[in-house]
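Structures given as structure tokens follow.
Both complexes below contain subunit A, partnered by subunit B and then by subunit C.
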Partner chain A sequence: MGTTTEINTDTIQSILKQNKKQIKLGLAMCAHCSLCAESCFLFVSHDNDPEYMPSYKFINSIGKLYKKKGKVSRQVLEDMRDLVFEKCALCTRCYCPFGIDIPALITLGRNVCRSQGLFREYDREW
Partner chain B sequence: MTTFSTIFSNPVFLNFIKGPMVWLSFIIFGLGLIVQTFRLLKLTQIKEARRVAPEEDLSPQTDLSGWERFTRYLAFRRVSVLGSNACLVLISVIFHVCLVVTPIFVMGHNVMLDTSFGINLISFPEQISDILTKFVIAGGLIFLMRRLFLRRVRMISTVNDFILLFVAVAPFLTGFLAYHHIFNYQVMIVLHILCGELMLILIPFSKFFHMVFFFISRFMIVSEHSMGTPKRSWQF
Partner chain C sequence: MIKAKSKPIEEIVDYITPYRDVLIVGCGGCVSVCLAGGQKEVNILQTELELLRDKTKTDGQFSGFTVERQCNEQYLGVLDDMVETADCVLSMACGAGVQLLAERYPNKPVFPAVNTIAIGVDLDVGLYEERCRACGECVLAYTAGICPVTRCAKGLFNGPCGGTNGDKCEISPDINCAWHEIYTRLKAQDRLEDILKIHPPMQWQNQIKRTIVQKGYEQRYHQE
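Here is the complex of A and B:
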């Protein structure tokens, strides 16, 4: 189990600060309607597993980081890595009725993960 | 209920919520909308559209036969939200239209406008307003059920969502109960006024602001799914 000391909170916070307006607007305007679900091919191909829903992915990656002001444990960030790298192909096909740019927000989540040395694990066995 | 009745029939309280409080909520609503819309527009800029295809490819094809147009429409339906969630889209549209239209055209409101300011607006017959109100309440109930029982919605729901859904439906529910004299009329009508005022005040500062955000985002911002001829893009 990792601890917060392994995480460079300052780097995360500077990414959050740079993109504050975009994250804030995305989180504030998402009506949690779940209409984006079917637009994700991974959601459909994984038996409608809600964890593949575009809104779930951005709320629980960059949204969670924003709400916790970047203070998360290594374990939480590793779970986020799974969400933004393994559960999203960044195909940009997701549709939001409000026009929220979900891929851009997931990209920010990837930025944060990458800044902490967390990437897609191509050799991982599932 | 009796204590409520005594507070709610207190003339000072009644005059306050029927007079200054109405003005205050409308001012907060109006100014809030203007300020928040301005703040949102400041995040956007008019930008030259990035050319992704030659001009002739961008213009819509007009030489398609009726059959081709129909099959293209079917293909569009298949991949769009209309195809995957037709029922929910329909319920949502009905809910939102009724939510906005009913309070403007309900006879009770317009009679008050007429007696206070002599403004005579068109009103719906009472039966129609009653049906539209039922649509709003039913829509709210369906949304609540989705939030409670559909795993994908429950997973992203917060307490805030339930509160806002309640705030949105409460004026209609209390108005309905008051109109039909179910429970205590005096209590219901006071609750109706209070809920309406609360909703107006909350609109610019909560997720209700999607009533403006939707139109800016879908009609003014260039994107794959934008409607109309937008010229702006986000400048975060």
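Here is the complex of A and C:
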């Protein structure tokens, strides 16, 4: 898995602080209308699995971190890694009628994971 | 996807020797997939360079950061402060990523840490093979899905050269003749007429920067 076993909460909080406005606005604006779902080719190709909805992905990654003020366990971050790396290609094609920059928010989720040594391992044997 | 390979460490050291603080920038795209320039490889390169610098007892420090894609400016903003404090940047992305970084930071030396090799396929973990040279005029429709630009040593468009030796290329007995393979596959599909037509030389487009505008986006990106 990752290179360390502990979580550096300070680093996570620093990323959250730097991007507070964007995260807060994104979470506040999301009306859960699910219109973004249809614009995600992974959602469509995975039998409309709700975990592939762009809104689900940002709410349950950077959104969750924001609400928990960065205080999460490594297991939570590992689950988050699977969500933002395995379930999103960052193709940037997701559409939000309110103009939420969903790819930017998912990227922030990835940044937090990367800062804790969690990223997609392409040499992992499945 | 794009395949790349790490440059020899001596070459990298040669680039960065005049600089004190070096920022190593990885890319979360193609070079991560081919294990050449993702976050893991950034960590490895950073450690290698630190060890070498310790050995030579020189000053300076290395830091590493991986962006999601270096070929998209949208992901580069996070680097601005880090690049500002670094003396030079080592990019582990493909040639496109290195150039976009160099464009964004014109006052900072940006060096490549990998050699961009090809557009290829994954044969296994860590094993890749070239399939495409992005020539811009795909001929695979009439060559039975075998690319003569990539697979024929001479990039011939209208059948094999005189040097073909049975099913082997004249440059090496270990290399199959692409045109022999094309012929064999087309014959099996009863499509040999596909290679009877003479195809004119390719209008090489690699003299200018090619821009890809997908169907449906022509109006949006139309330039006067």
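Criterion: the second predicted complex is superposed on the first by the 117 of 126 C-alpha atoms of A that agree within 3 Å, B and C clash if a C-alpha of one lies under 4 Å from a C-alpha of the other, contacts with A are read in each partner's own complex, and residues count from 1 in each chain.
Everything below uses one rule, namely that contacts are C-beta pairs under 8 Å (C-beta built on N, C-alpha and C of every residue); 3 or more make two chains touch, one makes a residue touch a chain.
As the structure is a computational prediction, the values presented were derived from the model and not from experiment.
> Per the contact definition in the header, classify A:S55: touching subunit B only (first), subunit C only (second), both, or neither.
first
> For A:N111, using the defined touch cut-off, is the partner it touches subunit B, subunit C, both, or neither? Pick first, second, both or neither.
Touch status of A:N111: second partner only.
> May I ask you to decide whether A:L90 touches subunit B, subunit C, both, or neither, giving the answer as first, second, both or neither?
In the superposition, A:L90 touches subunit C alone.
> With the two complexes superposed on chain A, say which partner A:S73 touches: subunit B (first), subunit C (second), both, or neither.
After superposition on chain A, A:S73 lies in contact with neither partner.
> With both complexes overlaid on chain A, does A:T9 touch subunit B (first), subunit C (second), both or neither?
So A:T9 meets neither subunit B nor subunit C here.
> Return the chain, subunit B or subunit C, that is in touch with more residues of subunit A.
Of subunit B and subunit C, the partner in contact with more residues of subunit A is B.
> On subunit A, which stretch or stretches are contacted by subunit B in one complex as well as by subunit C in the other?
In the superposed arrangement, which is not itself an observed complex, subunit A uses no residue for both subunit B and subunit C.
> Write out the stretch or stretches of subunit A touching subunit C in their complex.
Touch residues, subunit A against subunit C: 3, 90, 92, 103-104, 107, 110-111, 114, 119-123, 125.
> Name, in rising order, each residue of subunit A that touches subunit B in their complex.
Touching subunit B from subunit A are residues 19, 21-22, 25, 28-35, 37-39, 48, 50-51, 53, 55-56, 59, 95, 97-101.
> Could you please specify the touching residues of subunit C with respect to subunit A in the complex?
28, 32-35, 38-40, 43, 66, 68-69, 72, 74-75, 78, 125-126
> Taking the complex as given, what residues does subunit B use to touch subunit A?
Of all residues in subunit B, those touching subunit A are 40, 43, 80-81, 84-85, 88-89, 92, 146-147, 150-153, 155-158, 161, 207, 209-210, 213-214, 217-218, 221, 223, 225-226, 234, 236.
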